[in-house]
Amino acid sequence: MVDNKQQWKAWLYLSPAIVLLLVFTVWPIFNTVRMSFLENYKSLEAANGAVFSFGLGNFVKVLEYKRFLQCLKNTILLCVTTVPISTVLALLIAVALNSIKPLQKLLQTIFFLPYVTNSIAIGMVFAAMFNIVGSFYGTENEIIVTAGIINNVIEFFGGQHINWINYGSTYEANMFVMIVYIVWNALPFKILVLLGGLQSINRQYYDAAKVDSTPRRRVFTHITVPLLSPMLAYVIITGFIGGFKEYTSIVGIFGELMGPADDAGRLNTMVGFIYDALESNNQGRASAAALILFFIILAVTLVNNWVSKKRIHY
Amino acid sequence: MSAKAMSVMQEKDLQKTSSVQRVTQIAVRVLVYAFLIAMAIIVLFPFYWMIISSLKTLDEYRLSQPTFFPQVIMFSNYAEAFTTASLGRLFVNTMIVGVSSTLLSLIITVLSAFAFARLEFKGKELLFSALLATMMIPGELFTITNFVTVTEFGWRNTYTVLIVPFLVSVFYIFLLRQNFMQIPNELYLAAKVDGTTDFKYLWKVMVPLSLPTLISITILKMMGAWNSYMWPKLVANDAAHSMITNGLRNAFTDTTGDVNYPVQMAAVAIVSAPLFLVFIFLRKYIMAGVSRSGIKG
Amino acid sequence: MLKRIVAMLLFVAMAMTVLAACNGNTTPGTTKGEVNFKVPETGFDAETPITITFMNTMGSNLSTVLEAYIAEFEAMFPNIDVQSINGGGYDDVRDTIVTEITVGGQPNIAYCYPDHVALYNLADAVATLDDLIESQLTVTRADGTTEIIGLTAEQKDNFIEGYYTEGTSFGDGLMYTMPFSKSTEVLYYNKTFFDAHNLSVPTTWDELEAVCAKIKEIDPDSIPLGYDSESNWFITMCEQYNSPYTSATGDHFLFDNEQNHEFIKRFNDWYAKGYLTTQTLYGAYTSGLITSTNGVESYMSIGSSAGATYQRPAANSDGSYPFEVGIATVPQVDANNKKVISQGPSVCIFKKDNPQEVIASWLFVKYLTTSVDFQAEFAMASGYVPVIKSVAENEGYADFLSKANGGNYIAALSAKVCLEQADAYYTSPAFNGSSAARDQVGALLTKCLTMTGDDLDAQIKAAFEAAVDECEYNS
């Protein structure tokens, strides 16, 4: 039952957004698609008047890449681990933060601080936490100048230090560090959104629960989570979209090598691949890779949306 | 749940529950605090690192064994940061861009989110999906095309080029739509019966009810202006429009092209301070929430 | 929703197909190998006002020096207005210019590394300097004196040869860049320790091996040598052995050869014995090892000549240093045929529709690179070394060099060593993909150092092949 007046009005409300999106988002996407179908497209050669032939060569070239599957695997693995973990943690923190009285203001303020912390500082801290400074691991010459904060803690409790990110480290250890780092990075934003969402929940539901003396856990699972579901859905969907574009966090930990010293590129991701292609001005190849990534994210988002349709209570 | 409601609940509980339950209650409390404090320390650590780094000498900063507290406290880094970079100009530019883009962006976001949440029109689902889809392509690929566009518009080295291209964020429209959809439809229908216009309903009911989310968007958008680097560098690299991050990154490169990180951190800390104060101020509004207005339900 | 999106995408794809098909099939139209800028016969027009831009990475301390010389240059040629733009770091400058080229908005002059120029040359954007350098046309300055547009024979000879020839490393024999200020790698060593134990400073890799063995005996907990840049190490070894690394023409990636396998294997053995480490392996700046005065120490460190102050230990409270640092040429394969890497920024000039802009840019570049005073002052402010030999004529610089020591004036000591090895500089070929090769060989060397096991040869071989593959994919 859509009347014409509302139609017209809706488009009016949307017009500023649509105009800007057409110019600054749709048009570049259109160009991306175009470049992906032009063989070996390089923007610099194009600027010089070169013309490129139409073809699927860029896509073939991307799929041919020896480490393509590795990039894809890393991307997906990071995504499916970090999104649930960070969402659950953020939810717990937001709910806890909302339920305490003493120290509430102080703690809330602290959870805002990451916003005013420079990203370089965040990268540096992580290096100090996991990086072992030393050489010749696993040989008789082994020298460890400093094993990093995390290892210091492990050793304090009598454990063996672990090689997290340096040469000779395992893929699992690398992944663990990346997951911790990404979750950590993602937390402040999610806490902010969920805290905002919690404030919009009608107090009456809680009052009703109180009258019925519903146990806390039931209040959480039967009132808080369902009523927060729109925001949870938001956090999860955008988390997945962002997670598939993970790249800078890996540079932050492993540098341009994108892996430990003895296995450069081990942790490369799809967007890392795109950056590499852009570096040598291979816009065509980068665009093709971006489209492949796009279809993957699209598929995941559709599933997400389908699931959330069934579960969100507006 | 507000702290007040909690404590009221607590009192009632205490009166009628046994001591075993009381112990559990306290245990839960302790756990909640322990959890929050542990997380707070983790979240706070980088901030702490930023502050101590800003007080170190360059030599100490480069040590292979990082120190947790500066051996020599270098307040002079702050003085140097002030004199090296023209912080005042950078700050004013960033404020102009940050405030105007936040305001305009909020208006556009509110209007679009309202259309998606409340109005019925053909192709709504499709359009919304298409918007979501645009987020799935890495933005780095848009740079050259957008660069050509703004150059053709003659926008180079203006505030316009720093504000307009990124006014629309699908992320925020999506976020606010989710919030708007939570507001019961009955309110809208009742308003319709009363003859309230859509526009009036939007500003008088929906916006106030979504204040926490709008504040979140404000914070994120302001931070965006504070952190933007690549785009301003490309399109507005003259001194008159330089933004804070550009000014800071470029000012402290030393002889070998390395950055003097301690001084840079000091500069970052200086420019973050006003932002932080604004956040503390806004925090009240987020936490105050909409519960008191009592319109809902 | 799924169906709609798929339908929408199909539509877009079809539209693209139609559009793209219209483009036809042609090959890129770049012309290479011939001079792309010729000085007009009328020479330089000293009347019409002209603005030229110079994009660089100078922080505030260096731009102060630059601005003073811009003022002097503008006084000589009042119709030229020079604007210096800070473009961020080197990569930022490259990315900005690559983007600007698409709208024809590139600056007139830019800081560059050879691989950046190779990239810009995809768009044929950089002006060749050959005709400018040879031009005998005269220009008149504001004070009535004249100079020729080109370089005089003395000016040419005055350039340190290895720096100057970097401008022709693009495979077509043409000159694209002028050296601006340079750095290299040098060997830093703990002079106090060397003197105390009667060690001599190694000049060859064989000597280095022996010294490392001795240091290991004296201080078993030390890492005798720290090497900063794995990439530089690999490339320098190729140059010293005269074994192929890359080529700007034909087959680009030639570094997978027996000679290179050989030296890698030797270094692997040294690493296994605990003689050395590199920045990536160590997990921190290797300078932190040599400057350390407790715990694990190193006694030699190979790093950038411009970073000398980082290789000096922290001063005691009375201003003295815990030990003296010595600086020497990096070890060689053949001490009589020295090869050291040349690094640091050059400048390139971009083609413009108005040839006067190109000439004005050239006059400015010529002024900066041949001016003894600018080169001297800039070198002292930056820690880089000047690109001309006559710089010692500048009193300030001569004074600076005379103070050279392993303590307060370590930067002067480093500069002195660099100037003394002026005939040893080399540069590698530049092409689109040369920076990828550089990164790859660095990672390759790092990986190979840590290899263990009986099938070392097979492992090294496989690693080389993988690195070449990766290079070829990315070029």
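Observations on the model:
The chains carry the letters A, B and C, assigned in the order they are written, with residues numbered from 1 in each.
Basically, a contact is a pair of C-beta atoms (placed from the backbone, for glycine too) under 8 Å apart; a residue touches a chain by one contact, two chains touch by 3 or more.
Since this is a predicted model, take the numbers as computed values, not measurements.
Using the average of C-alpha coordinates as each chain's centre, C ends up farthest from subunit A. Here the chain at the heart of the shown protein, by mean C-alpha position, is A. Looking at contacts between chains, the pair that accounts for the most C-beta pairs is A-B. If each chain is reduced to the centroid of its CA atoms, subunit B and subunit C end up 40 Å from each other. Spacing of subunit A relative to subunit B, judged by their CA centroids, is 17 angstrom. Annotation: 36 Å between the Cα-based centres of subunit A and subunit C. Each of the following residues of subunit C touches two or more other chains: 1, 5, 102, 282-284, 288, 295.
Each of residues 43, 133, 145, 298 in subunit A touches at least two other chains. Subunit B has residues 64-65, 133, 144 in contact with two or more other chains. Of all the residues in subunit A, the ones that touch subunit C in their complex are 30, 33-34, 37-38, 42-54, 65-66, 131-136, 139, 141, 143, 145, 166-168, 256-257, 261-265, 276-277, 279-281, 298, 302, 305. Of all residues in subunit B, only 1-3, 5-7, 9, 12, 28, 32-33, 35-37, 39-40, 42-47, 49-50, 53, 64-66, 107-109, 111-112, 114-115, 119-122, 124, 127, 131-138, 140-142, 144-146, 149, 164-168, 170-171, 173-175, 178-179, 181-182, 198, 209-210, 212-213, 215-216, 219-220, 223, 227, 261, 264-265, 268, 272-273, 275-276, 279-280, 283, 286-291, 296-297 touch subunit A in the complex they form. Those residues of subunit B that touch subunit C in the shared complex are 59, 62-65, 84-85, 125-126, 129-130, 133, 143-144, 147-148, 151-152, 156, 230, 233-234, 237, 246, 249-258. If you check the complex, the residues on subunit C that touch subunit B are 1, 4-5, 8, 57-62, 85-90, 92, 95-96, 99-100, 102-103, 105, 183, 282-285, 287-289, 291-292, 295, 304, 306-307, 310, 314, 381-384. Touching subunit A in their complex are the following residues of subunit C: 1-2, 5, 12-13, 16-17, 19-21, 23-30, 98, 101-102, 104, 119-120, 122-125, 221, 223, 271-274, 277, 280-284, 288, 295-296, 432-433, 435-436, 439, 443, 446-447, 450, 452, 469-470, 473-475.
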